[in-house]
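Okay, so chain A shows up in both of these, paired with chain B first and chain C after.
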Partner chain A sequence: MRDMMPHFDLYQPDSVAAALELTSRLDEQAWILAGGQDSFDWLKNRTRRTAAVVDLGAIDELKGVRESAGGGLEIGALTTLTDIEAHPLIREKFELLARAAGRVASPQIRNAGTLGGNLCQDTRCWYYRHGVDCYRAGGNICYADTPEGQNREHAILGASRCVAVSPSDTATALTALDASVVLRSRAGERIVPISEFLVGPAINIRAMTTLRPGEILTTVRVPAIWSGAMFYFEKVADRAAWDFALVSIAAAFRMDGKRVADARLVAGAVACVPWRLHAAERAVVGRERSEDSAERAASVAVDGARPLNYNHFKIPLTENLVRRAIRDAQGA
Partner chain B sequence: MVYDPQNGLPASVGFYQAKPATYGDCPRAMRVTAVDKPDPSSPLGTKGIGEPLLGCAGSALLCAISDALGGHVFNRTPVVADMIINHVAGRPPTHGPLQTNCQ
Partner chain C sequence: MLTINVNGARHELDADPRMPLLWALRDLLKLYGTKYGCGKALCGACIVHLDGRPIHSCVTPLSAVTGGRVTTIEGLSADGTHALQQAWLELDVVQCGYCHSGQLMSAAALLARNAAPNDADIDAAMSGNICRCGTYPRIRSAIHRAAALLRGRARA
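Right after this comes the complex of A and B.
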C-alpha cells in the first residue's frame, strides 16, 4: 500500500450532459468518480492508473429519490448509502434496500459511498487487489483456485475460471426487488435489468458490469412489484461493521392469505453476481411460511455448489440464512 | 493473519483485511476479576502480565468451545468460526490438524 494519490487531471462537471461530453471526449481514458470508496483504493495503491478523473459529485440531478408513475421509485445514482438507509419512501416501500444499505461497511463509508458506486464497485478478491496478473487482470491463472490458495471468501456457485464474488450489499437487495439501471451515453439511454447489468466471469472475466466506456449510470429504478412486501435481509461477516459479507441473504415474499404467492431469495457473496436461489423460491411458493417449508427450501438452496478448499462453510451458512429468511421475514 | 504459502503473498494488508475487532464486536459489559494468589517463585510474589496470558485466554476459549459443542473437537489453535460452522453442519473439516494459517 502506497497511500499517495498519483497525479491525474480532475474534471468536475455540474450536469450529466457535461459529464457525458467529457467521458466521450476522454473515451477510455476517464475514470468516473462517485464517492471514491472503491476508486481511491485502486488509485492510491497504484494498482490502477488513470490520466483523467471525471468526478460526478457536483451533479445535483443525479441525487435524490423520486416516486415514479407506477408506484415504484427512481433513485439517483449519486444518492449516498446513508441517505438510502434513512429515506422515508425507501423505508416505507422497499425496506429491504434500506436495510442492505445500512449494513454496508461503516458509517463514514456510507456517508461518502453512493448507490451507483456500490453497484459498480469491483470485486474484493485479495489476490486481484494485490495487483497480481490473474485472469481478471488479463493474465491466464487464478491464484485463488489453487491447492494452497486462500479462498475462504470466494465463490461456491457460478464460477468460471475466476472464483471472485460480488462485494455489493445493495446489489443483492436490488436483485431481489427486480430493479433495473438507467445507463446514459452520448448515443442515448439504455435501461438494463440488474440481473443483466451485473455479470459473472462466463460472460466477461474482466468486468463485473456491462457498463460500456463513456457510459454513466444515472438512475436505479425499483418497480412497484415488491412494494410493501415481506422482507428479510441478513449479512454474515467476520465483524459487525466495516466488513464485506461472507454470505448474505435478501428475500422478498408476497403473500396470498397465509400462502406465499411469489418469492425472491437472493444470496450475496456466494458467486460473482447476486445469486438467485430459484429452487428454494420454487420450494416455498404456494406454501405457508413454516419450519417445514423453510427446511424444504434450505435443502435445495445450494444444489450444485462447488466449494473450494476453504469455503465449505458457506454451504451450511447459506442454507441457514434461507431457513431464517423464510421463517423470520417481516412486513412493513 | 493470512498468507498464501505458495506465492508468498500476505492477504492481511490494511485494516479492512487484517480485521481487528471494532467497537461493535466487543461485549457491552466486561467483568474482570483477579485471582488473588501471589506467585511463590518470584521474590515479591508478582506475576508477569501480557504474554503469559495469551495461553490462558486460548485455553479458556477452547474449553468454552468444547463445552458448547459437547466434546473436545478442536485440540488446537487457532479455531475460526468456519471450523465450528462446518462441524455443527456435520461437514468434514477443511483445515489440517496442525495448520496454523487460518483466515
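Right after this comes the complex of A and C.
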C-alpha cells in the first residue's frame, strides 16, 4: 500500500509577477496550491486531476499582516492560520478572525493551512467529494437532496439544486467583518467584497468563489469598521478537532452606550456561503443586548429555512447560537 | 537534485519535488520512525517538525521543505533520552505504538513553547493525533510528567 502523488507539472514561482505569468499562460489548467491541506486530499484521491500545479508557497510577499492607512489590516493570502490566530494586530483589532482561525481543523493543519486556502477550499459534501456526477460536478442530480440522501450536514438556506455548504470558518468571520479580497491577474487587480467573492449555486453551481482562471487571491483586506468591536464566535461540530462546522456563528456588535449601534450576525455551514442573518441583525440594532433582544433576534434568525430530511436540528441550533452571540459577545 | 535539512544534517536527494516528505524520509533517508497512517492529514501518524512547528509530512511535498529545517522522531534526542521519551517509558504509555512518533512530535512542539501545560493545553495541542488503542489518558499524564522532568532539569 503506497499513497502516490499523481503526475502533474510543478511550478514554484518566487514572486507574484512570476506566478501570474504562469497562471495566465496555463489558464484553466493551473491548479493553484497554497498550504496543500485541501489540494492533496483531492489529488491523492484521484477525484480530480490537474496537468499543472502552481505552488505559491515560496512567495514571501504573500505572507504576513500589515496595518493599512485607514486602521484596517492587509493580510497576505499565504499567511498560515496559526499565524493569524496568534498575530497581535489581529487579536487587538479583529479578535473574531483570530478565534475563527483557531477553530479550523487541527493545530498541525493550521501550521500549514493558509487564510487564502481556507477561503478557497471546496465544499465537504461527501457525494461530491466521492467523485459522483452531481450538479456541482457537472451532472444533473443532487444525491444529498433525495429521499434517502444523507444530508445532516447540508444546507437549510440558499440552496439551488445543490445543497452543499461552505466549509470555511474564516469566511464566516471575514463576512461579519465586511472584508474584501484582492484578486490579481496579468490584466490588473479586482477588489471584491467577500460577500461577492463567495457564491452559491444559483450564481455558479460548479465553483464556490468568483476566482477566474489566471487570477490569484493575494490579499485579504479587513477594513477598520469593526476594529475593536464586541465579538462572538462559536463553532458547533461533532468533534472538537478536525471537524467542519455543523453550524457556526460569527458576530460583531458596535455599541452606542448600552445600545447596539450596528451588528453583524453571520451563520456558517447553513448555506453554500456564510449566511448573513439580516432580520436578526435588525432585531437587535437600537436595543440593548439582553435576553429580550436575544429572543427577538433568534425568533426571526432563520425565517425561510428549508430543512432537508436529516438537518432540521440546524434550525434550533442556529437560533441558539444567535441568542448566545447577543448575550455573550465580548470586547471593547 | 534538491537539498533538505533533516535533524541537522543536509541531504542531497535525487527526488521528484512532488514527493511527499513522508516518503522521502522513509524510502530515501531510511528514517522509519515516521509512520504512514492515512496519507491525507487525518490521523497524525506522520507528524514531523518543520522549523519547530508540527506538520503532516504526508501532505507536505519535498518542494515545500527545501528552505526549512525538518525534525523527525529520530532527531528528538540523540539517544532516546528526551524528557518525553523518558516519561513515555516510565508511564508505559504505548500499546501498539504505531501513532507514537507522531504523538511525541506534537507533544515536543507543545513543551517547547509551554513549559507547564494544563490539561486543556495538552488536549488542544494533541487534537491532531489519533490513537487507535486509546492511550490518550496515559499520553496526557506522560506530557505532564515530561514537563515536570524538564522543569527539574532546568533547576538542576
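Assume the second predicted complex is superposed on the first by the 328 of 332 C-alpha atoms of A that agree within 3 Å, B and C clash if a C-alpha of one lies under 4 Å from a C-alpha of the other, contacts with A are read in each partner's own complex, and residues count from 1 in each chain.
Keep in mind that, in the parts below, a contact is a pair of C-beta atoms (placed from the backbone, for glycine too) under 8 Å apart; a residue touches a chain by one contact, two chains touch by 3 or more.
Since the structure is predicted, the reported quantities are computational estimates derived from the model, not experimental observations.
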Thinking of the overlay built on chain A, is A:Arg66 touched by chain B (first), by chain C (second), by both, or by neither? neither
What is the contact status of A:Gln37 with respect to chain B (first) and chain C (second): first, second, both, or neither? second
Partner chain(s) touched by A:Arg306 [first = chain B, second = chain C, both, neither]: neither
Chain B versus chain C as contact partner of A:Ala241, first or second or both or neither: both
Identify the residues of chain A that lie in both the chain B contact region and the chain C contact region. 240-242
Show me the residue ranges of chain C that touch chain A in the complex, using the header's touch definition. 16-20, 23, 36, 39-42, 44, 47, 50, 53-56, 58-61, 63-64, 67, 106, 123-125, 127-128
Touching chain A in the complex, chain B uses residues 2-7, 9, 11, 13-14, 16-17, 19, 21-25, 81-83, 85-86, 88-89, 91-92, 94-95, 101, 103
Would you tell me which residues of chain A are touching chain C in their complex? 2-3, 5, 8, 10, 12, 36-37, 40-41, 44-45, 53, 55, 57-58, 82, 105-109, 111-112, 240-242
The residues of chain A that touch chain B in their complex are 1, 126-127, 130, 132, 143, 146-150, 152-153, 238-243, 309-313, 315-317, 319
